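Just below sit the structures, each encoded as structure tokens.
Look at the two complexes coming up: subunit A is in both, with subunit B in one and subunit C in the other.
And then the complex of A and B:
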């Protein structure tokens, strides 16, 4: 498999996994198991305590360690084979599609937490997948908003020039003069302190996205400016081509490369913005999982030093960022080959 | 000179616009500083209203903006409701603590990045270059948050460095030398985090601009004249590579107040970062506004300084 295809497959796989979080996750992300706070990842086993080999992997039951008040031991007398397509907690797969089928799971009372549990005994893997929905979703929504506004304003400024150009570029200067994190805070401050519903969270993300319009607008404006002066555009104009036609047919396609590379850069940046806000307790609130909110629990030193599996959202974050960076540099290379 | 004057003038206009914009955003938020107090059943509605009246929150937004602006220009930077004091009395100390971290971090980053970038650029496409490009691209992808937490974890596990705060409790009684040593040991960890997050990107930029400059015809000609390698690097390549680096240096100065915000929160360094987050949660409008104004002012000043430096050193820009 060649490199570009590998990058694209990894990205598509990650997004599918997160999109179908309900199916891929074994548990409901907000379901608590108060008896099992900070239980370590359940090991998948093939060989049981008597040394017999099983083709189907299994987990042992978990019980509190009698010798260590916050530890856990495996109960080797109870074996729970891992099953595929099990019926469990109800979830919404996609808007309008309800389901109870999970990719894998074990019979009750066995529990399988491949990435351990958090302080409320909630399954970290399930929260990671559902949290990715919030975090990556925020990245995509914010990027779309930034690009939509940025491309529109950039095109207007570059194509029509004059006063429109001057006004829009002054505004872009203004937005770029505000330190990014403070801007984020200012936007955050404009919304209610407790974001309970998905709708307000989406609003926050959209506003955060829109304020990032300046850089794409600048870049698009530059390209539109140079495209406008090309001889073939002048030729088309002298044939009587209208402005919308010129934009659509000759000018905007030139900006495609820049828009795509900007998208690839912005998505991880905005995912990080969501993570930052939620980490500081300003983003999406409990119990809804998001990568930032999950990482927030690491602000307690005891959690930081004792429970390594609480770092998994950070690993996911880095994986997504690296994949997007690879995609961006790939697109950048290709576009350079195409446009010369 | 008119160009310079115009540039400075437009910076002031930009800052003014930033303040109006930030104020408008904060104004959009529902509730104010006394909203939380209203929840308290022991405090009567009349008392809360009286407090609002007393602190001028009942006036129109335009009047309140004007009052803040007056206070800002006068040097008080507004009035912090949470601290019951002028913002200036709280903010300068915290900003100083932030600069205590970011200024050494910036100097350290640049003194490391310049020679490192030049050194790697001279070994373009050799194994050193490939390894360093792999390492730096991985480090660039690591979020500040993670770097800070991993360093904190390391410190907590090894117990080599103190974590949290600026001084060990009771450090006030120590002598000056011991206090400075205490401060340095506390600053070490956030300093490492700052350098680790800024260095990889900077090394990449230095490498890229040096490589680009090394391909210039002037450098090729100098090489043809048989001028020594180190002299070519110092006299021909570096001046050619300087322009983008000067802009970057301006940006480094520009982010001195905002770069360490997250790291301060994670490592509980009493800088501007935790103060702003608290103020934001408490809806202490003037504090948030003045802090973001200071940060924006620095951003504008940093970019301005970079442009002026370019204006001075590069005759092409002056022409």
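And then the complex of A and C:
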């Protein structure tokens, strides 16, 4: 099998799924089906209670057990076939594109919660897909911030050397030593309460990213430092090439591999940072889903011990992290071959 | 540790303690209280997990719950509220008489009884106790309760076993005031008191011999960060029906855990024997695990605690909070508050947040308080269209995208702050957020660290709305004075009023003051019913739900009779005992 292609398609698939969450998710992620708190995953069936086989998968109707808060009984007299391209809750597919078409669903009053529901009766699968937008988005935003600042400062330090280098690298040391958790608390405390929680969250993510500039900066500086001394660079310089030209043409392409591998490592790391933020109550805020916020409910002992499907965001996290790491090692290998 | 060695150690330890604190023989002339219909057997120890470490063992200054939980087992009061009947009964006072004008009480004290260090108790101790509590230097949280009609209660000694209390004005249910007021041993504390150092006395690390009380237990050992052990008070003044001195249990061990979950896990694993208030979700976990039969669980029904949503209506002059001030135009609009109240799904809160182990509330008195609830208050179910009609009548309207706007066209958005340590209140706020979205209101839920929340609500007033809970003290309306009086310290929606800001707050002030000096129950009930009606109409607080009291104890604990009043489980610890047939089985 073509391994690189498989890795890339898995990653692209995951991101597409999350990007088009509104379409892929059967329900509105904030819709509370209050009669169905902590409903276990609805099994997709092909064989009915009488043993007959159906080509089209179906689910049975589910009734809350009146005597038991999180107990449910299946009503095998009511069969709801799973349908594709159903009309449901309105959502924004992509900015500017409104839609009501969902990939799959069942007719009301049937419900299909393939990954169960949370304590408010919200569909976990829908929240997982929509939450991926926030979590992966946070990872990408923070990584971009870290790389943008890191590459700029690293290049400046490596290329110009001297005092600039010394100043920037001491600053990098300082930033590496910052206890960023407390910095975040300080930032949150300084922000006014009435600020939109989503804006606050984005700001915090950017802070996390910017604070993380030091490591990529150091790596880039090292590459730039050695590239600067290469004979062809010195030659170009003696022919009168300007600094921007040298950087663009000869130096920065050398750093591309490092930047890409750093990106591959940083994205999952910052997705995990989102989990930490949410765990500390600095997350995106109810009712907007994010993987960290969803995992936050596991802090409650009863949820931790009773509802296994609440762990699914952790599975998604691991999958994304593994895919990114595979991508990183693939890029690393490729780059070694190219730069040789 | 090896289980065998563990049990051997326990046996050894209990053997040691039995030799250390044998119940003293009853002396002639000692007026012991004989508890009727009690039977049990001496021995054994009970382990209780506390949420946090107690800060002090000094009853005069203790304010935090863990301290009070421990101290409560070491002290006795003059007149006690029986947690089972909610009525008063004699404790250190055997009988009391009220003067005809209702301002003077004469109390006869129990004769011949002794403190836990063996020294006798008499009227001097009572006089000394009230002197200490009323002294401002002490800083006692009980002091406010003992100020009646603006003047401190006066306590004088009539003879060795009689004291007289005089109040500036008649005080309804004055005898309830004495509940949980610990009588202090004068012989141990008088020196520190005259030096003005009473509040430094009896830190948790004090040697056991220097602490004494009149309760069923006395201090034995304190290990910082781990546990506090109490042992039987050998001179305790209650006996069972067979005239054997109580308490039955040799020892009471308090373990320090970090939080409620840790408390529940300790109980579930058998490390602790009594669980004093579980949340509904943890209770659900325990119920499922109950099949093993190692513990008994009890749902005692609605507590006195009421949870509510309230809006910031504080006077913000002098505070630089323009963004809150703008929203106060909505918050002070009765139509706005009524619409919010009509749109909230209280049944949903009771079912989802409390797993059905709660009752929806429409007033400040919980159905758990049978003596005082005004049952005629309307219980209106959720009705969104009616809520929208109320908003429309108040001048609100809707934008094409469904967002609610006020007369000036400003979209109605606000923040609900909750305590991040209370999962339930944050969940309530999340449900309210979804409910109010249907009215077009944009609500954000911000869980804050508890101290930050308290600071915003009580000091800076920098918040829009909050979900909090109150209640859980005594069932009597007097305990609610500080909430409903416009000058009260818990008059949360508008604190620090010099004069009532509205006509209805003025009326509540007058009603509350009147019930305070009315001695007839029916008349007081009528006055307090009216208070409840006004509150339900004006909605300064939008009441949500009263959770049930959920408790548990090991299966073989006898005389376990939990109550909806604090302390829920250990209030009758002197009568609790371990059934012998199973004492060795469990561990």
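General remarks:
The working rule: the second predicted complex is superposed on the first by the 316 of 340 C-alpha atoms of A that agree within 3 Å, B and C clash if a C-alpha of one lies under 4 Å from a C-alpha of the other, contacts with A are read in each partner's own complex, and residues count from 1 in each chain.
The definition used in the following text is that contacts are C-beta pairs under 8 Å (C-beta built on N, C-alpha and C of every residue); 3 or more make two chains touch, one makes a residue touch a chain.
It should be emphasised that the depicted structure is a prediction, and the values quoted were computed from it without experimental measurement.
By the touch criterion stated above, A:321 is placed in contact with subunit B alone, subunit C being left untouched. Contact with both subunit B and subunit C is seen for A:301 once the two complexes are overlaid on the shared chain.
Once chain A of one complex is fitted onto chain A of the other, the partner contacts of A:276 are limited to subunit B, with no touch recorded for subunit C. Of the two partner chains, subunit B is the only one touched by A:173; subunit C is not. Once chain A of one complex is fitted onto chain A of the other, the partner contacts of A:63 are absent, as it touches neither subunit B nor subunit C. After overlaying the two complexes on the shared chain, residue contacts for A:286 are found with subunit C alone; subunit B is out of touch. In the superposition on chain A, contact is made by A:120 with subunit C only, not with subunit B.
Look at A:235: by the touch rule set out above, it reaches neither subunit B nor subunit C. When the two complexes are superposed on chain A, the residues of subunit A that touch both subunit B and subunit C are 189, 192-193, 281, 299, 301, 305.
Subunit A makes touch with subunit B in their complex at residues 173-174, 177-183, 185-193, 268, 272, 275-276, 279-282, 295, 298-299, 301, 304-305, 311, 314, 317-318, 321-322, 325. In the complex of the two chains, the subunit C residues touching subunit A come out as 261, 264-265, 279, 281-282, 284-285, 288, 323, 345, 348, 351-352, 355-356, 415, 417, 420, 423, 426-427, 429-431, 433-434, 444-447, 452, 456, 462-464. The touching residues of subunit B, when paired with subunit A in their complex, are 10, 14-15, 17-18, 21-22, 25-26, 28-31, 137-138, 140-143, 145-146, 149, 152-153, 156-157, 163, 254-255, 257-258, 261-262, 265-266, 276-277, 280-281, 283, 288, 291-292, 295-296, 299-300, 303.
Remark: subunit A residues 30, 32, 34, 37, 69-70, 119-121, 189, 192-194, 196-197, 281, 285-287, 299-303, 305-306 touch subunit C in the complex.
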